[in-house]
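Here's the structure, in structure tokens; my notes come after.
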Amino acid sequence: MIKILIFPLLFLWVQTAKAQPETGSMLIKNGTLITITNGVQAQTDLLIENGKIVRIGKGITVPKGIETIDATGLYVMPGIIDAHSHIGLSAINEATSPVTSEVFTGDALDPLDVSIYRALAGGVTISHALHGSANAIGGQSETIKHRWGVIEPDALKMEVAPRTIKFALGENPTRVYGRGYGMVPNTRMGVEAVFRNAFAEAVAYKKNWAAYDAQIKDKKQRKTAVPPAYSLRLQTLVDIMDGKILVHCHSYRADEILMLLGVLRDYGVKKVVFQHVNEGFKVAPELAEFGAMASVFADWWAYKFEVYYSTAYNAAILIRNNVVTSINSDSGELIRHLYHEAAKTQKYGDLTDEEALSLITINPAKQLGIDQYVGSLEEGKDGDIAIFKNHPLSVYAIPRKTIVDGVVRFDIEKDPDDVRLYVDPEEKFDQPVMRVSEEKCMQGADLMEFLQAEK
Amino acid sequence: MRNLSLIRFVFVLILLSATEFSIAQTDQTKLQPVTRAFALTNATVVQAPDRTVTNTTVVVRNGLIVSVGKNIDIPLDAQIVRADSLYVYAGFIDGLSQAGVEKPGGNQRGTDTSRFSARSKYNPADPPNAVAGIQPDAEVRQFLNPDLKSVEELRKIGFTASHVVPYGKMLTGSGALVLMGGDSPDAMMLRDDMSLFSQFQGADRLYPATVLGMMAKWRDLYRQAEISKAYETKFSENPSGLERPVYDRVIAAFYPVIDGNKIVYFKTPSVLDAYRAFTLQSDLSFPLVLAGLKQGWDLIDKLKSTNTRVFLSLDLPEDAKTKKNEAAEADSTKTTKNEKEEAPTFMTETEKKALEARQDAFRKKYETQPQMLQEAGIAFGFSTLEADTKDIRKNLQRMVKSGLSEAAALTALTTAPAAIMGVSDMLGTVDAGKIANMVVTTKPYFEEDSSIKYVFVDGKMYEYEVTEKKTDKKETDTSGK
Amino acid sequence: MKLKFSLLIILFLASLPTLKAQQIQKTRTGTFALTNATIETITNGTVAQGTLVIANGKIAALGTNVTIPDSAEVIDCTGLTLYPGMIDAGTRIGLSEVGSVEETTDYNEVGDVNPQVEALTAVNPNSVLIPVTRVSGVTTALTLPTGGLFPGKAALLNLHGYTPRQMYAGFVGVVLNWPSAAKRGYGDKRSPEAIKKEYEKEKERLNSVWEKALTYAKIDSAYARDAENQPEYYPEMMALSPVVSGKAPLLLEVNMASEILDALTWIKEKNLKKVVLTGVMEGWRVADKIKAAGVSVITGPVLQTPTRDYDRYDKPYANAGLLAQAGIPVAIRTLETENARNLPYHAGFAAAYGMGKEEALKAITIVSAQILGVADALGSLETGKQATLFAATGDPFETSTDIRYVFINGWLIPMDSRQIRLYDEFLEREPGLSNE
């Protein structure tokens, strides 16, 4: 059934896609398959043809001309999906306006960012290249496949993924606009006002255009019809209300989460994924009731006040309350070991192996609206695979190969020292960057950072 | 000596009073010529990249090339330039620069956009267009000045015409093709309002600040323009009973682009910039030229399939030799004896070599990409923007050494840009009827010890001192020739 | 805390609401016998089916043939393994409560020469972060001041106690941040030349401060023979004096390879013996030089991105192992505050990427203790050492392992923290959905 449903869709997509991504074929033999949706299957083969999983079973014979990967003694799982990342982006925040629904991280993709390779080296095949959290309504965001090696930014795009947009609540927008620029929002009250004003404006915009479109259709009125001012910003908000865009909302505190649920209810927005959502555990029943999903950190807390009353048991509480939950990185560092971040839910809340791994596979796929294509090992799904030595939930797990659309994009045996795609011929060698792990959401929006950069 | 300069000064004064000059100039090149007719006699004339004639005379009068040939009459009033051992080329054409363009004063650049003033002065979400860098309505002609050093710098390396654009941020205004010389700003003008210039240069902490905002702003402006243009057309056809369209000069600046009458020149140094310009172009379908492109080697298929014309940057990464020499110099001047002995290395020789090899490979890509484009059949010229004029000749030579044929290089400097900018009937070759823009060299242009002796711009001759290069070690370099 | 166990507690509390106040768990001490345990001594191999006796805050006995004192509270550790408490040799525990709220952070004093300021003074024993950390088996942490050339004195803490003094675990060291010649991050727009210049200037400043301290130390020792007089009160120099004269330890934070080489040269010049390199992110590049200099290293975080785009992705994971293989004593730190609880995972990644389990475990126990000069009391399970240890269901590097008991300095720590309490409270929230 699945096959029958999916293939016509894919066919359509291939026809309309701008650049067809490179796909490959291979037989992964004799591995321990962690399918996520259909248990663990020992000593099983998995056949990928032209980028799709076409067969899972024992003793599959190698079709002609297809490469075989021996996975004896290794664990084979679906490629890891990060629902919150900022890797592969030249810019993260357009931190100049509390509402920037017109901007789009798909415009700022940077396939040359080595973080993409490093994520692959952690088994991650897909990440959600989110806009930052400076703005209450931030930018639309792109779901990317880690096709390391491509130069064309569009070639990273997962074309079938639905549109998404970033919202943000709490300290970040109030710090940037209230404290930074002396404008609304300076409080969580103001954040709500920003949302309500923006949606109200969008309702009017939609009405004006509908009126104009009606006038144009009417022979008598057509003559005098005046087109309303065009706004990509408001049009995007209209698309959100029309259910065409998934909302991903940066949030921490319980009160602000409830606030946004209220706003969304009032404007008929049904799909929302709360990001970080450190106090999601406090309002898990409300989240579940709304059908809202949650994408959380494994254990980050106390780096700012709104995450002081957090608990690493957040994911477990949310799962137990039937909230579709994922674990994300929001960091070029954490994205390298999301399997380990997911494993922490066994320490904090005793999730089963399957539950823990679903946090970085099928659940984020659901949150990005791509679960019919990826997130589990199933026939018909994309050939996005991570192969591990040792169980992926063990601290000793080592990603061996990471495969995207049937193409090996990371192979520990062929991992070169220097993977950069572009090299600056004038770069001086002795100029390392001492990075500190941090919440990347605020990149390009931090006032202190601007001060320092200007010194 | 004193007397002499005094006399010269008086002479200048007398001359100035008789001319339109409003600015006192002590530079002799500014003196009005005695005649506007020249005859370069007996020269090797590279009329076009594929047409070279020897022992030929070129006659110039009133700014035009009037005849090119072997046995032609030399007008009586012509100043004769004996060019027996000299080489004559069509003047070079620069696809994008800001030579001769004044930087606007005020708060568009520099100190005034500091964090604090930006915060207190403007709403970051809705800054005035001028501060946000949204000025497609500006025109470069307002900022032209033939006396800027940048004009002389380009001219003396052979560039006689350049497509110049205003300074600014994302949308700086319309560009013009101008001559690299002239008695007045207006006299420089060859083709006004030729392009709409854009670049990915965000406003400082004001919308649009990043590539995210800039891409969105572009689309928003363009789509607004499409809608209001359609309405204006409707209004102009029958205004009765229709609300008067509100004129917006920023929006209106896109109208000729929407009509396909004005080309968008996008400055795209990096490969990612180029792809982003392509994204806008494919979303909005406007005529596009990529200019100042530095990283084009991965774009060849894209350029070909979209039939996009390109001006490659004449800026190249420092060549390996220079870099190493500099490093060695810095070392020897800085480190004292005993320090040098135990110069610490934190990198193995193997690693260092591998990294250097990668740098070399990429340096090679920069150097060979004109050749790659040429082989792929992509029309391209050059842009001097962001290139140090002192390095430009050397960089051209590096490209030729790396495999670009001299003819192809010359094409990119002359006929190709003329064709891309639609001025082949005026510029690009040494043919009768063309504007007298020429470069006269002592040896074939791409030879290392070749010097520029004269540059003609609009029929006006600029003479340069030929510095004989010291050739102590008589190099008999035949490689690559 | 495990699900079933906490459910039991909830049920218990629900049935006995009046007893809630009495449920506040306190630490307690006494004589304990941990029986039927696998004992990972670190220094003397593994004891199977062993008993470990705790008395007077110390390990009184351990082995298979141990007499259990009558007074002892017996804790059956069947299926559990005892490990010495994990030591995080670089954190900001106690000095920072909420990272972005300056009022709650006390690790960065104004000025760049503050060797006299004491981390221990500002440690908040009631930090919510402390219980969160120790229930994960991280019992001991070096807490570091930061910022400037000499940010102050770091202190080693037991993560239990009601006063900083009670927490003090026997090591104090002056911190020196070696000047940095690296870019500070993506926002750093300085040119390579400017960075270099600043670096040289900073080194000169360091040397001039050092010279001053040497002078002060000389005067000080001269005065020592003359009990009547004292040198002038000059707290910065008083703090540096024992360091420059080699009597007190120096924690030298340095990360970039060329800086490490500079620092090693400097150490030799100054003839420093009690110096520990900390950070050492690019140590793998110059491991042989560090080894030749004979200094010890505290490295970390392990979970960190490479410092250079052209470095292999796993270098930060592998760094500790590569240093250890070169024969350098290596301890691992997290450089975390609220998440120092992840110390075993930093060690686990180092273990997986070349260091091996055994060495990695040492790097957060005995080697740390040795480097910080407290190996007589901490870092291994040996008779006579402090009873600072934990009992785990398995390999402490694995997230599936649970920590069941934690002892710090003989005190049995309640397996409780605010994070656990929030779990207990909200797993099945009452009331659930409201009916309005």
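Note that the chains take the letters A, B and C in the order they are written out, and that residue 1 is the start of every chain.
Heads up, the rule we're going with is that a contact is a pair of C-beta atoms (placed from the backbone, for glycine too) under 8 Å apart; a residue touches a chain by one contact, two chains touch by 3 or more.
Computed from a predicted model, the values in this text were never measured in an experiment.
Just to note, of A-B and B-C, the chains joined by more C-beta pairs in contact are A-B.
In this assembly, the chain whose C-alpha centre lies farthest from chain C is B.
Between chain A and chain C, the centres computed from C-alpha atoms are 35 Å apart. Here the CA centre of chain A is 43 Å from the CA centre of chain B.
Remark: chain B and chain C have CA centroids separated by 60 Å (rounded to whole angstrom).
Counting partners per residue, chain B has 346-347, 355 as the residues that reach two or more other chains. For chain A, the set of residues that touch two or more other chains comprises 417-418, 420, 430, 450.
Shown for chain C are the residues that touch two or more other chains, namely 257-258, 282, 310. Of all the residues in chain A, the ones that touch chain B in their complex are 18, 90-91, 93-100, 102-105, 107-108, 110, 112, 131, 139, 151-154, 180-183, 223-224, 226-227, 229-233, 417-418, 420, 422-427, 429-430, 444, 450-451, 454. In the complex of the two chains, the chain A residues touching chain C come out as 114-115, 117-118, 121, 171, 281-282, 284-286, 289, 299-305, 308-313, 316-317, 320, 332-334, 336-337, 340, 343-344, 346-350, 390, 393-398, 415, 417-420, 428, 430-437, 443, 449-450, 452-453.
Interface of chain B with chain C (complex): residues 342, 344, 346-347, 355. By the touch criterion stated above, chain C contacts chain A in their complex at residues 2-3, 97-101, 128-129, 180-189, 192, 195, 255-258, 281-282, 301, 303-314, 337-339, 341-342, 344-345, 348-349, 351-353, 397-402, 418-420, 422-423, 426-429, 432-433.
Across the interface of their complex, chain A is touched by residues 114-115, 119, 123-126, 203, 205-213, 215-216, 219-220, 223-224, 227-228, 230-231, 238, 241-243, 271-272, 275-276, 279, 282, 295, 298, 302, 317-318, 320, 323, 346-347, 351-352, 354-355, 358-363, 366 of chain B.
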